[in-house]
Amino acid sequence: MSFHGVFPYLVSPMRGDGSVDAAMLGRLCGHLIEAGVHGLTPLGSTGEFAYLDRAQRRRIVEVAVQAAAGRVPVVAGVAATTVAEAVAQARDWAAIGADGILAILEAYFPIAEDGVVGYFEAIARAAPDRTVVLYTNPQFQRSDLSLPAIVRLSRVKNIRFIKDAGTNTGRLLSILNAAEGRLGVFAASAHVPATVMLLGGAGWMAGPACVVPRQSVALYDACVARDWDRAMALQRPLWAMNQAFAKWNLAACIKGALRLQGFDCGAPLPPQAPLPDAGIAEVRAALVAVGAL
Amino acid sequence: MSFHGVFPYLVSPMRGDGSVDAAMLGRLCGHLIEAGVHGLTPLGSTGEFAYLDRAQRRRIVEVAVQAAAGRVPVVAGVAATTVAEAVAQARDWAAIGADGILAILEAYFPIAEDGVVGYFEAIARAAPDRTVVLYTNPQFQRSDLSLPAIVRLSRVKNIRFIKDAGTNTGRLLSILNAAEGRLGVFAASAHVPATVMLLGGAGWMAGPACVVPRQSVALYDACVARDWDRAMALQRPLWAMNQAFAKWNLAACIKGALRLQGFDCGAPLPPQAPLPDAGIAEVRAALVAVGAL
Amino acid sequence: MSFHGVFPYLVSPMRGDGSVDAAMLGRLCGHLIEAGVHGLTPLGSTGEFAYLDRAQRRRIVEVAVQAAAGRVPVVAGVAATTVAEAVAQARDWAAIGADGILAILEAYFPIAEDGVVGYFEAIARAAPDRTVVLYTNPQFQRSDLSLPAIVRLSRVKNIRFIKDAGTNTGRLLSILNAAEGRLGVFAASAHVPATVMLLGGAGWMAGPACVVPRQSVALYDACVARDWDRAMALQRPLWAMNQAFAKWNLAACIKGALRLQGFDCGAPLPPQAPLPDAGIAEVRAALVAVGAL
Amino acid sequence: MSFHGVFPYLVSPMRGDGSVDAAMLGRLCGHLIEAGVHGLTPLGSTGEFAYLDRAQRRRIVEVAVQAAAGRVPVVAGVAATTVAEAVAQARDWAAIGADGILAILEAYFPIAEDGVVGYFEAIARAAPDRTVVLYTNPQFQRSDLSLPAIVRLSRVKNIRFIKDAGTNTGRLLSILNAAEGRLGVFAASAHVPATVMLLGGAGWMAGPACVVPRQSVALYDACVARDWDRAMALQRPLWAMNQAFAKWNLAACIKGALRLQGFDCGAPLPPQAPLPDAGIAEVRAALVAVGAL
């Protein structure tokens, strides 16, 4: 399956008793696919992976795979502090039928570069017939993948993409230059997607795409058509919305926005707070401004 | 049980198959108690709590409680990103017989102060007849407890201590001043214990105390006797050792040092690296210099 | 005079006795103008403004203005910790004949937002018939201009541009959106110029343009022609060169590269070190790769 | 002259026209010496060195030296980005009669360790018969002096002290251990003075000592007498005052406090703001609490 285009980071709809709201998650997946998105990404930051235990994570991958039903690829997040736990998750998600693995390293103590590289290699070996997307996020993680580490990992056969969740857009061109075609790059919500597409990006993985799937696909299509003026005309209002969202806890914000659109996915798990009234008002205005409400 | 004095942060001895080496942990606990330490602290940073699943953590608390056999208090680490998981751990450790809870908040997204306070209050309610020690570590955690949050928490009946793992020693006097006697303060290995005792501290919780228990107790006794000249004479070489240790991954370093003393506790869990040869040589020299080898 | 296109940040050629090498600076300015650059920027970071006293800075502005001789605009850096010193420099540079002021706030203690805004307003008032370019650099300065502060300043008549020296390219679109046409944006060497031009940028101010003026102008022309495929073809090798430069002290690197091109501008002022041999080799290779040597 | 005890960091009293208020500075120096302080330190952070030009700095050193009249040593701040400027200041202050030099490195670009060491060595050579006090402040400066750099500098004959303005008190013991008696350590206002004296400190250099000179000297005397219980009884309220001060711009706060005590030293130089009303109220309460108003 080709990996390109708009991959919404799915929220994780949870009930008050800690169980996954599978019906709501399935409904959301179906809605996004009908809106034209090119893939689904459960268990990213927006999906609160850091707040879920293994059973909860497993259930979310199951539901997303079933809902996608082969129509679009599902790239499921693997996140752990130990190699052993990461390998177990990767095997499990592959067995469930995920098409790709979004590989995330959580750390408490700093890890030397060989350890970092070994962690991602172990995930790739654990799911040898799945595409691995490296994930790097300098803001919420203890360490950023260095360029030399990325180049080493780009030589692993099934590591084929990187999702960079930083704000340094120039670094994406550095990665593309350094990996010499062996790695595709997905943008995050902290980058302007049109600029990343100009640099040669494959698409973007982002929480806000959950609430503006059609608008995101239109922007992607303009970029692929290399109609950059149209792309920028679509990009400007989407970026304004993105900025409005960036003030709030990511999961709380997307869950709050989805509720306004008729998808009640519950609140983020405590001690995270739900979106406050001021946030709801701001998110509502942002959605209206882009025609998503 | 009175909480004061030297509480070594226990390493977590693990076998290659991921199981806890209960025999070795029990032997280490016995050795430390015979050396005079005043308490045991499993599942601190040194204990690699961030790398262990619930079953592994549970086993470690069980073994420490059995080994202590009521001779000294056991303060077991509770660490989670969600309130639900923290409450479950706290209930479990209390049921096993831990005398106190070291309460640690892990975070991925920033948490608002009310959420932070609510998290620690929930732990205190979950183990109402156990003493709770707040843990704050600006270096390895996303957020530091603010002084106003500490004051709010000091009013909870069974929250009676705080362990500050930062390097800002003046902050400890600020906490003591602000909590007006309601919170005792334990130092961490990043503070000079003698200075914290001068400020009115209750003792220290630190990984290096695993390998210099007798020397640590002698220093504590000098401080309690207010013989500050003797305290500083004992403190200087211990601090030099502490500095030598601080260059390395904490768990790797203490496990490496314990192996030199005859306690083979295995390696830290991958992708953490074991202590390299240069580290072994430096740690050996540091132990010899303080008479611990 | 219109402000747009490629503005090289000039190095400050200094003799060993601390005097400005006016002949060399004049020759460099002439060379760059003949190569097609659209403006000159003395006393930016590359120009070591932070290492020069008022008399040295004054001399550099004089020489640049004389060398430009009205062919391209000269935007001279004003940098100070106090309003009084900034105002004196701005008046002085305007009297000498600089066409614009690059306004830089140096800080030791954090400054409240009203103080920051007042500082830039005072510069604008001190040179009322000159165009002011705000400068913000989160990497080397204590504070970044906030978006609300930028919007306030965009309402000052002769504040017409901002040069953002951070790496967060998305922020440039946020600034353009927020200032609603009242501020043009210049990119820095930490941004990929083609992406900033796509977002609607006015051009770029950058030290490396000193050594690749023709290549930079060709890239600018492709962007203005909206021939984005050609732009990216020109951009990729220039970015690789930029990355090679980014490893080294900026002034040392550009001075070292210029020496290879026949412009001996001396060493950066001590305690800055000149470009080491490894740097010279790397810079030479980078220049050869883009046809600049 | 022996360097030990309480050295207030002097504020720089300025008139609205930018001239030094020599009469007020002289009166303040006399008042402090009569209160028993052991030295005077013009042109530290509190003295706004970063906001003053050479002529203003020169005048302040002159007035302080005249006012001290040999009764206590004057340690004057030398602060620059270049070796040349630092050397010129050091020679000038020595010629005026300063007893010591507080050596401060300002930086814009990061400086390699050899450059840092060379900078301080050049100052020491420029004032060979004056005592040099190294200054390091991780909070307001781009770089902190590393322990190896400090050890190298401790071997220079007239570099005899270090003033560490960080918050990491344990680092002071590391410095004392590493310099093996060749360097004395002065604490800053971010450390609890009693703890630094316990570690073997020589005294402290701090802005707040301007407003509590007698209380500071009493604390120093208790430490020297090794009466640590009395020292802590004096220390606790002084630390509470120190904390109240730490919320505000340092120069604004000390100038505001001095005005309440009858020393009108003007406002800090714009764009710094004067102490706001809330700050005046808090500072007044803090002074009353320690008997300084």
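We call the chains A, B, C and D, going by the order they appear; numbering starts again at 1 in every chain.
Keep this in mind: contacts are C-beta pairs under 8 Å (C-beta built on N, C-alpha and C of every residue); 3 or more make two chains touch, one makes a residue touch a chain.
In this text, all values refer to a predicted model and were calculated from it rather than measured experimentally.
Listing every chain that touches chain A and chain C alike gives an empty result.
In terms of the stated touch criterion, chain A and chain B have no partners in common. The chain with its Cα centroid farthest from the Cα centroid of chain D is A.
Because chain C and chain D share one sequence, their contact can be compared position by position; here over half of the interface residue numbers appear on both sides.
Distance from the chain B centre to the chain C centre is 51 Å, each centre being the mean of its Cα atoms. Taking each chain's centre as the mean of its C-alpha atoms, chain B lies 36 Å from chain D. The set of chain D residues that touch two or more partner chains is empty.
Contact between chains, per the stated criterion, is found for A-B, A-C, B-D, C-D. The part of chain A that touches chain C in the complex is made up of residues 167-171, 173-174, 177, 190-192, 194-195, 198-200, 226, 228-229, 232, 235-236, 239-240, 243. Taken in their complex, chain A has these residues touching chain B: 18, 45, 48, 50-51, 53, 81-85, 105-106, 108-112, 114-116, 118-119, 140, 142, 249-251, 269-273.
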